Structures are given as C-alpha cells and as structure tokens.
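Below: a set of structures, written as structure tokens.
Below are two complexes that have chain A in common, paired first with chain B and then with chain C.
On to the complex of A and B.
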C-alpha cells in the first residue's frame, strides 16, 4: 500500500465552526440582533401574559370605558372598559400561536408535496398543477369558505392560512429538491441499495431544509398579517376573545373619539410583522452559502 | 455470436498460463454474465439504442476493462447492470443480466434494493459530488451497512473504522466523524470505495474511478482496487477510456464503439495483436515511453450519432480500411483466435 504518501488535509473542527460561523454572521447584523431580542421579548410577554398584567382581558367595566392611557391602564381601555395592555398581550399570544400553527401545518404539508413532486417525476405534474389551483384562491376567499362551513373561529383561520401556505412552500421545496435529485450522491445512495424513504428523508429533505426554513421564516410575517386581516373581517374568533384583528375592527368605529383602541393593536401587529420580516431577511442572508464574506 | 459459452473465458485463463485451452479446470460459474443486452434511452426525438447486443462476463477475482470513447455506451452498460438507468427515460429492451445465478432484469425495484450495495456495488467517476454533504462520512458508510445488515451501533462503528482503514485512510478513528468537504478528492474516492465495499459485494463496478483524480492518486486508487479484488476475490468491472489503466489492471478487455462490442479478449492479446481498426486507432493514439515518436496518430471524426447510426459497420465512416462490404453489412463479433474476438470483416488483420 502506498497510502503513506497521501497528503493529509488539515483537520478543521468543521461542525463547531459551522455553528460559530452562523452565529458570527448573526452577531455582525446589528439590526437583526436587535430584532431577535425584540422577538424574544414579545414571545416571552405572550407566553407569560397572565402573570404580566393584573387585569383580566375579558372583564368589562362600564365605569372606565374608552379611557386614554394613564398610570393604571398603561394603554387605556376599550369601549367596554377592558384593559388594553392585557388585551394586546393576550392578542399577541393568540396571533403568534395561530400563526405558528398554520405555518407549521402548511410548511410541513407543502414540503412533503414539493419533495415528492421532485423525487417522483410521474407525480410532479399532478401535484404541482394542484398547487397552482390552490394558489389561485386568495387566502381571504379560503377563510370565507371555511368560516361559511364551520362558522367563524380561530381554527378556521389557522386552516385557511395553512392551506394558503402549502403551495408556495411546495414550490420552494420542489425547486430545492430538484437541485438535489440530480446530484451524484443520490444515484450513489441508490447504488448502495437504500430505499426511497431513506433517500427522501436523509438525502433530499435534509439538503433542501435550509431553503424551506428560510422561506417559512420569511412567510411568518405575511401569515400573521393575513390572519389579522381575516379576523378583522370577522372570520376569526367571535368578539369577546382578544384577537388583534378583531380588536382593530372593533376600535375602528371609535377612531376619532378614542383612537388608541384601534391603534394599540395595530401597532402591536406592526411590530410583530416588522420583527419577523427583518429576521426572515436576516435568516436568508445568514444561511445563504453564496454570501460568504 | 455466442458469448454465453463459458469456454472462451476459461480459455483466456488457460492461454495466459500457456496451457492448453481445452485442459482448463472446469469453469467456475461467472459472477456476472451479461447476454445480448440492449438498452435504450428516450430522447425528445425518439428512442435511441445506446447499448446494442452486448455480451460479456466477469469472474471472481478477475478484472474486465471496458474501454471506448465518450458516448459509446460504457457507462450505460454499467448502469444497466445496476438497474440504475435514468428514470423514466432509460430502459433495458432485451437481454439478460445474470448475477450469481439470478437474472437481474426480472427483479422488481424493491428486490433490487437488496442486490445493490450487497451483491454488486458501483463507484462513480466524481468523488467530489458522490457524498451527501450534510452527513459525516461515518454516518454515510454506516447507512450503507445498515441497509443490508443488522448490527449494533458499536459493531457498526468498528466495522466502519475497519473499512476506512482497509481503503487506506489514515487515522480512521478520527476521520469517521469528518464531513465530506473536509477531505481531498482522493480521500473522498477512498470513502466512496469503503462505502461500496462495506457489505462485501461479489462484484464491484468502477465507472472511470480515477478520471477525476490526479495522476499520483490515480495510481494509489488503482493499487487499492487491485488489492481489494485479490483479498476478497471480487470480480471487478472497470470502465475507463485510459488505456494505461487497462494495461495496468485488466485481465480481459472489451472495446466498445457506438454501443456495440467491437473487440474483446485477454489483455495481452488485445494490446499485442489488436484485431479491429478502432482498437488499433486507440492504441496508436497512446504515447509510447520506449520509442521516440513524432505526432501521435488520431482517429479522424467523432462517435456517430446514435439516432442515425451509419449503415453496416458503425465504424466505417472513420475507418482507414473501410470497404464496400463494411458500408453494406454489419460484421458479427467473430473469433479471431482462441478467446480473442473482433467485429471486423477484415480480421484477422496483420
């Protein structure tokens, strides 16, 4: 054997450096870092909402209706005298939870469909044309249809959002998977006798996970905005529940007398979507292998 | 055209050891016997037969080299054996591929999972892209192992380390946890070979395994193939366009042109006494270390378009000896002497 002459490539601790590299890129992006901190604060506030405010978001008080912000009610009260801090915190909670659930459902289904379409070329046309059909329904229409069948409610919104998330995720997943399907290592994997499931899972899915994850993060803000629009239109949980979109729509009639009732949930939405969008962009930059400084 | 007969190969062995062909020991059943294989690929302009009427066999512990220019069907032949033709375009139209007594062309895709990597493995040309970038090499080799055998985590790891050591990877205990991008091309090719051999296949197909490597590493990898072939008594089917590799490695040679076998036989006989103008052309285009030469000779023209193959002998448009008969009729692969066969009307050539 002549392998003593083989030049040893320098061993670099690659997996450690990979994580550290991503972290370094994140730290360099000051705005994204700030937004990340903000997101953590928002999520924590949503999770611990019941402990952060002494007020019950559902208890009405006819004596203190439409009060502007003061020392007791930091953000004022709405037209039924409910504390807006409590309502907004609970609203954020519901919004984030339903946004995440629908994103997860839609992202999961969409990824499976996209990867399947790329791997099984026979199914490609059928699946992707079905996705095109689905894509042609606006989420609002879907929400209306589901609300028509089930009656308005949070789950209806979640499903409408999930379904509207499936086609774009499927497209992204398919595009990414097509790049993997033609790689030599996939043929090599088949040549080793691996079954379709192992190949799909360990080769195709893993290699297009980054693209899908980045797309899904970018999509998060849109989903929340869409969800708020649906509940603004009255397709969400019925009025007493604290949902940001519903709150805006109820405060709309008071826009001139007590503008804070509509503006506070609006601002909360704005903040969430802004944070998620900036983070989505940052995620794309961080995970993009072509952006190697 | 009777390549199914096991006698010619027995004769090769006998001829090489300068014994009488008929006295050869009772022929062992070959590992792989390909009989009149015809494979076609669907293109936008119709179906194209890329491997036509190809027969050969590979025996345990021996090397068959398949040579020819790019696009003459070498790789498709090997992919046909693995049943890994591009889906859905590729198709085996006719012929049998008998591996260890079983006809692979009749197996279902699911049955093929158990054959690939277990009884027959393949090593591809490009080691840089043959490994999954997101897993460590240890994980990948383990996966290949667990696809065919049950074994515990500890046993698997020690077997993977042993496999890495066997293919000459230094410090395998540490290397097992590295990712493909941390390894050089030669190292990756060793990993690919370790992966292909982890389940001890009886037959290894190597499709231009050294083409992408630099010359010193090439020599090491070839040496490794030879060692592994001998230590495991594996059959080796080596696809190459490098006649240097053939001279180094082969027991038997099969020259392909335009999807057909034009000449086959023992390596010494083919190199010393080529019986097909194409083989002569290939050999002539090789520099010789022992002689001063002017320009190397070339074969004019290119491989014919398989959508519209030339009439008669496929090689006649490029052949310096072409006659009217060559244009009209395709020559069969006929015996020249002993196991040496050539598909040329003019054989035996002087």
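On to the complex of A and C.
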C-alpha cells in the first residue's frame, strides 16, 4: 500500500489561509514590513550586482587609491583603487550566499538528527549527547580548527558555521517532533500501514518545519556576523576576494588616512544583519502561539 | 550543592574527551608529515619509515590518541614549530590577559544590559522602552569588530583620548586601566543587546506574577518591588543566557585581541593558525575549548545558587 492510497486527515492548516494570515500580520507591523522591502532590495542588488555597477570589484587602479566618496565612486575607493560600491555589492552577494548555504546544510542535518532522536528512542541519548559535545565548540573555535586543518578559505567558514548550526537546530527539531510522536494520529497512521519514512515525512517533518524555519531565520544574522568575524581574522578567502570581513581587516591599517575603506563594509554588514534580525524577531512573534492570543 | 558540582563534572568528561579528540585529529589530518620535516629534504623512504616508527606514527590512530591523552595529562602539549617554545608555557602566559579582558567586558556588559532591560520592562511601551529595544537590536546586529574600529577611529586616532595597542600593565595602574577601556567596551558591547532583551522579557513575565502583586499590595514602593523582589527572579534566565553566550564572548575575544594587539590566547591562536604552527594551534584550541567548558560549569553553579529548585 503506498501512502497515496490512504486518506489521512489534514494536519497542517491549509497553506493558503495560513499564508494570508501571515501576510496580514506582517502588514500590520510597519517596521518589519519596511525591513522586508529593504531585504528584497538588498537581495536583488546582490543578485544583479554585475549589472548595477560599471566598476569591476577586482580591478585595481593605482591612480585612484583611497579616494573618499564622490560622484563617480559613491562610496569611495579602497587601498588598491577598487570601487567600494562594486566591492560591497559583491561582498553582500558572497555573504548572503555563504550564510544561506551554511544555514541550509546545518539546518538540514540538524533537523534530521533531531527528528531521528525524537522518533527512535534508542538513538535519542546518543545523538543528543553528541550534540552536547558539538555545542561545546563555539563557532569561532570551529572556524579556527577547520582553518587550521584546511588552511583559510570560504568553504572552511561555511562548514564551521554549518556545523555550529547543527546542535541548536537538532534541539529545536527534537522538541517539536516530540510533541508529535506520541499523538494518536501517528498510531493510527502506523495502523493503516504507513512506513516509518512516510510517517516522518508526512507528519513529523512538516510539524517541525515551522519551528526550525523560525529558528533558522533568527540565526541568519548571527551566522553572517560569525562568518564576517572569521574572514576578518584572515580565515576566509585570501585578500583580493570581496568578502566583507576581509575587506574590513584590509582597511584596518588605513583608519587614520581613509577610514571609509574599513567602515563602509562594516556598515554594510550591520545593515544586512539588522534587517535579518528584525525580520527574524517578527517571524518569531507571528508564529509564537503565546503572542497570537 | 556539592552534588550539583559532581554531577556537572561527570557530564563534562565526555565533552572533554570529545574536545581532546578533535584537538588530536587536528594534528593527524594536517597535510604535513612531521617525519618529513625532521628528516629534511632528500630523506630516503627507509629513514622516513624509521622516524615514523620512532615517533609512533605507524601505530593505530586510537592507540596514538591514548598516548596523546597521557601526554596532555602530564602537561606536555609539544613545542612551537616556530620558536621551539613549549606550548604549555605560551598558553599559561596568555590565558591571564584573556581572562582579564573577558572579566572586564562582563563588567561593562552585565550591569548595562540588566539596567537597560529593567528600564525597558518598567517603561513598557513608552518611548524609553522603544529606545532600549532599538539600541539592543542594533547592538545585536553589529559585527564584533565594528565598535572596536569606531572606538579606535574616534577615541584613539581623532581625539587621541585612549590607547588602543597592547596591554598597559596591571589593571590597578593608570596605564593598564586606560589600555583596557577600548577592548573591554568593544568586547562587552556584543553582549549588551542580548542581555538587555532577555532581562526585559523575563522582567515583564515576573512583574505579572502573584508575589509581585503581593509586594505591591503590602505598600512597597515601585523601585523596591522591582529591584528587591522582581529582579532576582527575573535574572535566572539571564544567567542562562550569559552562559549560552559565553562561547560568543570567547569568539569575540579572539577578534578583539587581534584588533587591539592584546597579548591573549585568542591572538596567539589566530597567529598560530595563519603561520601553520600546528602544535601551538592545537594547544590554543584545546585551551579555548577548555575555558568554554569551565565557564559553562561556573554558569551552571551560579544558576543553581540563584534558583533553589535546581539544587534538588
């Protein structure tokens, strides 16, 4: 019997009404709405970066070094004469892409571990203790360790952030899944002949999805900050790359003569993370049943 | 209380083993062969094999791990590849300044965060509360190095008020204190936002509880109700939060030390890794992970002291 043949009660409320409800709440929150628009603008700017700026983020020009912002170079140029608008746009692109990748990898693995721990009682203790060990490695430390093994690089940072995302996501997913695994309808589904995989997929995972997504949204900003710190420390891709953290550390020695070289990427990071944090808070408020009443 | 300590220590043992294992693997998986370095260029395979045997590199990994633990327990962490200095000496030399920095950062962050959060909760919904919330979200969104760079730019360079390079000596001297201000404030600033938010939320919960109403009904002034009665209860989740953020603080310390040339263990770790000094890198990572475990242990103890329910 395949699971398509079994008529099962809809557990998750119809997606359309949920989405409309969400949108209505979001519209009521003016600040969150503004941040959402800003996020869309930032993401579009990052995606279309090559078309938005006439300058090449890697092309150096010794004649126009450390120029303060003017009409040609809106945010000025850095110590190699590269246009900072172009570099920041490409930096945002890299930052968002690596942040998203690490959250996806960590969130995916963490969810599977958490759900497995909740569903298979025998694996629970072992898996969650392993998560505790992992949790005792702060993300920066993981980044240092991975850079120590592989040498500096963007993928090292992504992996460090992904690994540090696994334990908290596993905890969130496990807690959400535990609320489902003892429900009567799971017993009913099993009695109807549904296999473990189908049950996990159809009921348990879907019920965890909201909690995990809210957590991951809240974590996005933090992951970006950690990644920026790691690349600031020189553990990311080597200097010519337009990584925001690397750009800040390159501009650090110029604070006295050309402070904008370090401060522009700083503010770019601040803006992205602020937008993500405010939106993450809004997402949590919307989905938190306590706030809904 | 003693039982809590013992129980927590027992839980820490597997974590410690995990940390040691990862630290050990760090040296196992690095691409460079120690025997090749010792033998130098042009060494025959026979010489290399002999060295492998002498160094114990031909034994199974788990056996080497056991030997490694035995070595670490005796305080032998190897020698720096760069200057042959024993790793343990360097670690002991740098852990002090790092502890000092983290302590001062907490001294900045904890009172400020708790103060801001309490203020926000008491003035809920009014403009003071809004300002507090805005400042804490902004603080939460700033990269750790941003405050540091702004501080260097203005207080250090433009206005020339504070030094920003290295450690000036013991804290009780004027110079030592001046050198501490910028690093401590920039490290502490990453914690203010989270602490303020958590204090506000928790305070709002507590202010709605029965015992607060009783205290008010007794005729106590609002200040006394908030500071003497509510705050102590409201602080319990804040302490947990500080424990959870300890890793973040440790990571922040690595960044702060690098920026301010602070002679601590974080800066040592970064320079060891960027210069491929593997034994030193391994030692610093072990030491940092160990400090993280110890901080969490301490937080748990404070927690059980604050919340009598935890002692059972």
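Here is the rule we go by: the second predicted complex is superposed on the first by the 273 of 293 C-alpha atoms of A that agree within 3 Å, B and C clash if a C-alpha of one lies under 4 Å from a C-alpha of the other, contacts with A are read in each partner's own complex, and residues count from 1 in each chain.
Everything that follows uses one rule, which is that contacts are C-beta pairs under 8 Å (C-beta built on N, C-alpha and C of every residue); 3 or more make two chains touch, one makes a residue touch a chain.
Predicted model, so just to flag it, every value in this text is computed and none were measured.
Legend: residue contacts after superposition of the two complexes on their common chain; A:190 is shown touching chain B, with no touch to chain C.
In the overlay built on the shared chain, the residue A:203 is in contact with chain B alone; chain C does not reach it. Shared-chain residue A:36: touches no atom of chain B or chain C. Of the two partner chains, chain C is the only one touched by A:141; chain B is not.
Within the superposed three-chain arrangement, the count of touched residues of chain A is higher for C, of the candidates chain B and chain C. Once chain A of one complex is fitted onto chain A of the other, the partner contacts of A:97 are absent, as it touches neither chain B nor chain C. Using the contact criterion defined above for the overlaid structures, shared-chain residue A:175 touches neither chain B nor chain C, since it reaches no partner.
In the superposition on chain A, contact of A:129 is made with chain C only, not with chain B. The residues of chain B lying in touch with chain A in their complex are 82, 84, 87-88, 112-118, 121-122, 124, 126, 129-135, 143-144, 147-148, 168-171, 174, 178-179, 181-184, 186-187, 192, 195-196, 216-217, 219-220, 223-224, 227.
Of all the residues in chain C, the ones that touch chain A in their complex are 11, 14-15, 18-19, 22-23, 26, 29-30, 137-138, 140-146, 149-150, 152-153, 157, 246-248, 250-252, 254-255, 258-259, 269-270, 273-274, 278, 281-282, 284-285, 288-289, 292-293, 296.
The touching residues of chain A, counted against chain B in their complex, run 1-3, 5-9, 11-12, 14-15, 121-122, 183-185, 187-195, 198, 202-203, 206-207.
Against chain C, the residues of chain A that register as touching in their complex are 129, 132-134, 136-141, 144-145, 147-149, 152, 221, 225-226, 228-229, 232-235, 245, 248-249, 252, 255-256, 259, 262-263, 266, 269-270, 273-274, 276-278, 281.
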